[in-house]
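Shared chain: subunit A. Partners: subunit B in the first complex, subunit C in the second.
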Partner chain A sequence: MSATLFDLGMRLRAAHEQRPVARTHHSLALPPNGALAVMTAREAGELTVSASDGEREASHAGEDALEALDEFEVSVDGAHRTLVVADHGTLRDLLSLALRAPERPCAPVIAWWDQRADHPGSGAVHMCIAAARARFALGTSPEAERDLGTWLRWFGIDDAGPSALLQLARATAVGPVLPGLLDCAGADSRSWDAFAKRLRKGQDWRRPDSRTDAALGLATRSDAAELFDSLLLGDPLAAVAASFAGSVVCGTVTSATKGRFTVRADRPVSRLRPGARVAGWEGEACDVQDSETRLRDGEIEAAAMGTDAALDIAVRDAVFRPSPLGVGDRVSLRARPVDPFQQQRARRNLSQRYRTAGNWLAGRGTPTPRRGNVPLDVVLAAADEA
Partner chain B sequence: MTNPPPTTGLDEYTEQIAASVGRDAAELVTSVEHDAAGEALAALHAGYTQAAAVGR
Partner chain C sequence: MTAEAPPQANPPRVPAAHVKNPTLARALFAMMAGDRAVVVDSPPGAGKTHLITNLAQQLHDRAGMTVAIAAQTRAQALDVANRTAETGAAVSLLVKHKSVRPPGLSPDVTLVSQGRLRPGLGIVVATTARWLWTPTHTFRTDALLVDEAYQLTYADLGGLGTLADQVTLVGDPGQIDPVVTGETRRWDGWAAGPHQPSPSALLASDSDGHVTSLRLPKTWRLGPATTDLIRPLYSIPFESARPPSHVEDSTGPLPEYCVQHVTVTGGQADPAIALAAATRVRARLASGSVHTLDGARPLTARDVAVVAPHVEQTTMLAAALADQPDVFVGTINQAQGLERHAVVAVHPLAGYATVSPFATDLGRTCVALSRHRSHLTVVADDRTSAVLARTLRDHPEDTATRTQQHLLDTLTNQGARP
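Coming up: the complex of A and B.
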């Protein structure tokens, strides 16, 4: 409930000051330089596509609707560019048009955008509403924030066409970029190069993924979401908000020996479970960037709620730089930051396992039947389905 | 901005939250603006003051 109240507090402040207020200090998206904004509208069953690069605009309807993108020479030749749309609905409209006109140069690019849109932190597609909601709070209900018009009014943007999306994207991408976000942009470039290479080899962009590609695609999406959530906790304002949801736990050190310490949490809210690897810093949640003393690594040994409703968290195997914490010090704990290189290595290993001959999960061979113990609830669930 | 932006649905949303924590909505808003006490309201106050800090 506290996280909800925290959110309400920001909304009340926004309403009081009559301006959007930031949820994060850092920008969660790269500025949309060289981006192409696209809007779709449906009238009498016919789709109209309008596109703008901020200097000129193109609009086409019906069978030739994608001409609006072709006018901006959207194709797999050359570097990729960012697509700016209001939400997933526009991307779905574009994909349905691309499937009806697969020979258009922009059709495969739409498929690539659609795929990259599933990767949080990616700069390939900027979803204006979602990006704005992640960065700012408005003095409205959460439902009202789902409407593009609400955002345009709060940011004083008078345009209604696709150039309004570019203006909103720029307005919500102000400030320093979230550390680590540029690595996500690097993943976009690698994905684009691999995609363009496959098409140059003659692969049809509509061909469904093989089982292996689908499994690896799922892994990259999952890794991207995990990495982005982890990066977000490096933002001081996001860390404060997370401390009310339990992803960051602030407290005071009550005991400390070599490699082990206990923290009395300020609030009995924690998502850090025994066995979890954690990191931390000396001070409050908002000190995440400024604190010098850091807990590089540690493992939650126990998290226990006492009869006084206070939460005590014990950490073992703690590694501090430059100096350890002592009794009475303030500390903030979080899950250990995700290492993108470790993720890449794990995906490489996964890829090798899937490509091994005889891997029946990847469709090669058949599994060898063998007897084993089956948990009772699995047996009951199977009986239910039968 | 010439016209104040619309605070669509905020009153209803505040009432909904106030009801879920067993408080009166007007009282909840007033308390937060005067540094409320109590764990639940502390979260509301923190959100409010965080937003203020960013604005400066």
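Coming up: the complex of A and C.
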């Protein structure tokens, strides 16, 4: 069965049972406690902003549209607050308003939300539709899932204003939080503190990214995306789905010696290529949380497809805890989990390189190339028009 | 900059490579004269590695410069190290740990670990990822040469800036853009954004003309028909210089490319796609022969590759061709840098009922259409033309889709099997 058919199966089940079917056991977003939900609407070229914290609501249009946020005292003074929106469209609207009214206290906060929205796992912005699609499958077409109204109907939410977004965010954030997600959210606090500090120093939040800002901004975004994808494979339901796409490979151990073993995979689809560092656990994909025996580390030595269409994967340098697996044992393999500390070290290294004096490619100084004499044969050959 | 005649006494060995290759000579001239950056654009099969290895050797041996080469994958680094060693230069491959010598590494290449990195090791080759972890204050070279530079982001190029005062970037602008896992919408429309391919971003940010732009003008791999086919994917002019070469089967000579349409109803994972491609591979192996200026010989498994855009498709292909382990089976991304006499390629839009950015990515299509030296068969979904037409009706400004339609029309009309 392909990953596409697995997805179709979930949709058919949701249609049959007339209720959303969970894609993950864990919540992929933190509950939106103390969050502010915002909707925008455009009528005759004029934007209306409506905001709600679940208790009261504010709505303003035109030049004063951002007053709706100011009423909730949105500013860089104090702690950051989660923004709940339907999708990126709302953020785009808010940012365009902020650029037109940069003096408003909420304007820089909107810029910060816009940045954090690019970091998967962040709790700064809850994109309702994307978060709901990651957590649940509906008995509809994928296109219909891109519509907020579809989600509100399936979750029985009758409201239409911003408070409906809060209800949907709460409904899709039920259950235990994905392990590691709280640490991702910790990055929001560090980012907020750094952002507020820069503003206090007088930096204009509208300033375009420098080369260094852009390079490090891309690094934090890429790290966030890779860490979130890695954490997701720790969820039992997500691991089962991944086993149909080849990100998790389940099989039976067919040979085992010290530090080395071979797995006959149940399915031939695998994204684990020779040279890749892997981890794993005893049992099926869905045992990812409960299994006691863990493959802490290993390297794919070979992956060979036989004429019987069976895939054999050899792993070397295997480190099992508490004890190694034997022939006949069931095992599930995945790429080694992303280490957030290693990511942090890599970003620090990149930052240091960008700030090194003489790094002319990063805009630090002017290079001093060696200007030598060019041999005549090179001059003549370079002038050749042939 | 001055031109100087070679000394009369004890003349240095003058390699001939640059005499036959004006682009190499110009890159050499620019680097020896002190240009801070050189970008060399190249079509597929135009001799990028030949250029970079000979450039490194001459800068090191003739100009006495310290030289580092950055490759984008471990396999590329190993290949570049081996081929640089073939020029006669002293070469070291920088690795994390020296304990295991990589299989296939030439005995002429010295293995060096990061802790032992110092001047005097000859030309040092490493992956970009490895270079990014070298100490910034203890190791610096005169010149950094970047291979497959269009696979390197501008952000990572900036990280390499601590290594050298001069840089040469060599790459194929038609290939797949660098893999970026993070969201990049913040820098949409910024030609020098951190996610952009490093050569184009470097040129875009060069407001004061410090970057010398060169191009390799001839492809030695692709025949004239294929060159015409993929030329719209490039902004640089180039022509075919490939010596005569073709594949024959029992019916006679095959065209440079042809298309086989299949009916696909089950999406990208429909077995009909892999089955059609595997059947075509077997047909080539059963009765194919390759004809070059050296004569004719049977087509062997090592002459053949089959590439597809999706892992699920390559899985099915690998299963169907498991008895032919020498046939290259892989994704189009994995096939970058590959060359075979005969290639079977699954069209990137096969199995799609609607277009997606992945499917219409022109870099992926370009790689699929440019791995063959003598013959290419494209396995295409018979609905794809209608899917593209429908998309263009809704989004007439979508240039990627329009180019895909042009390519598919050309493949279908010009590549009809005789």
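Everything below uses one rule, namely that the second predicted complex is superposed on the first by the 363 of 386 C-alpha atoms of A that agree within 3 Å, B and C clash if a C-alpha of one lies under 4 Å from a C-alpha of the other, contacts with A are read in each partner's own complex, and residues count from 1 in each chain.
Note that in this section a residue touches a chain if its C-beta (ideal position, glycine included) is under 8 Å from a C-beta of that chain, and two chains touch if they have at least 3 such contacts.
If you're wondering where the values come from, they're calculated on a predicted model, not measured in any experiment.
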Which superposed partner A:M305 touches (first subunit B, second subunit C, both, neither): second
Which superposed partner A:V84 touches (first subunit B, second subunit C, both, neither): neither
Subunit B versus subunit C as contact partner of A:A242, first or second or both or neither: neither
Of subunit C and subunit B, partner touching more subunit A residues: C
Touched partner set for A:V74, first subunit B, second subunit C, both or neither: neither
Which superposed partner A:W154 touches (first subunit B, second subunit C, both, neither): first
First (subunit B), second (subunit C), both or neither touched by A:L5: both
Touched partner set for A:S222, first subunit B, second subunit C, both or neither: second
Touching partner for A:D384 - first (subunit B), second (subunit C), both, neither: second
Overlap of subunit C and subunit B interfaces on subunit A (superposed complexes): 2-5
Residues on subunit A engaged by subunit B in the complex (per definition of touch): 1-19, 21-22, 25, 137-144, 150, 153-154, 156, 237, 240-241, 244, 267
Residue ranges of subunit C in contact with subunit A within the complex: 1-6, 14, 18-19, 21-22, 24-26, 28-29, 32-36, 58, 62-65, 74, 132-133, 136-137, 142, 153-155, 157-162, 165-167, 180-187, 190, 192-195, 202, 205, 267-269, 311-312, 315-316, 318-319, 322-323
Residue ranges of subunit B touching subunit A (in the complex, touch as defined): 1, 4-10, 12-14, 17, 20-21, 29, 32-33, 39-52, 54-55
Interface residues, subunit A side, partner subunit C - complex: 2-5, 88, 114-115, 118-119, 209, 211-212, 214-215, 217-226, 245-246, 268-271, 275, 305-309, 346, 349-350, 352-354, 356, 358-362, 364, 367-379, 381-382, 384-386
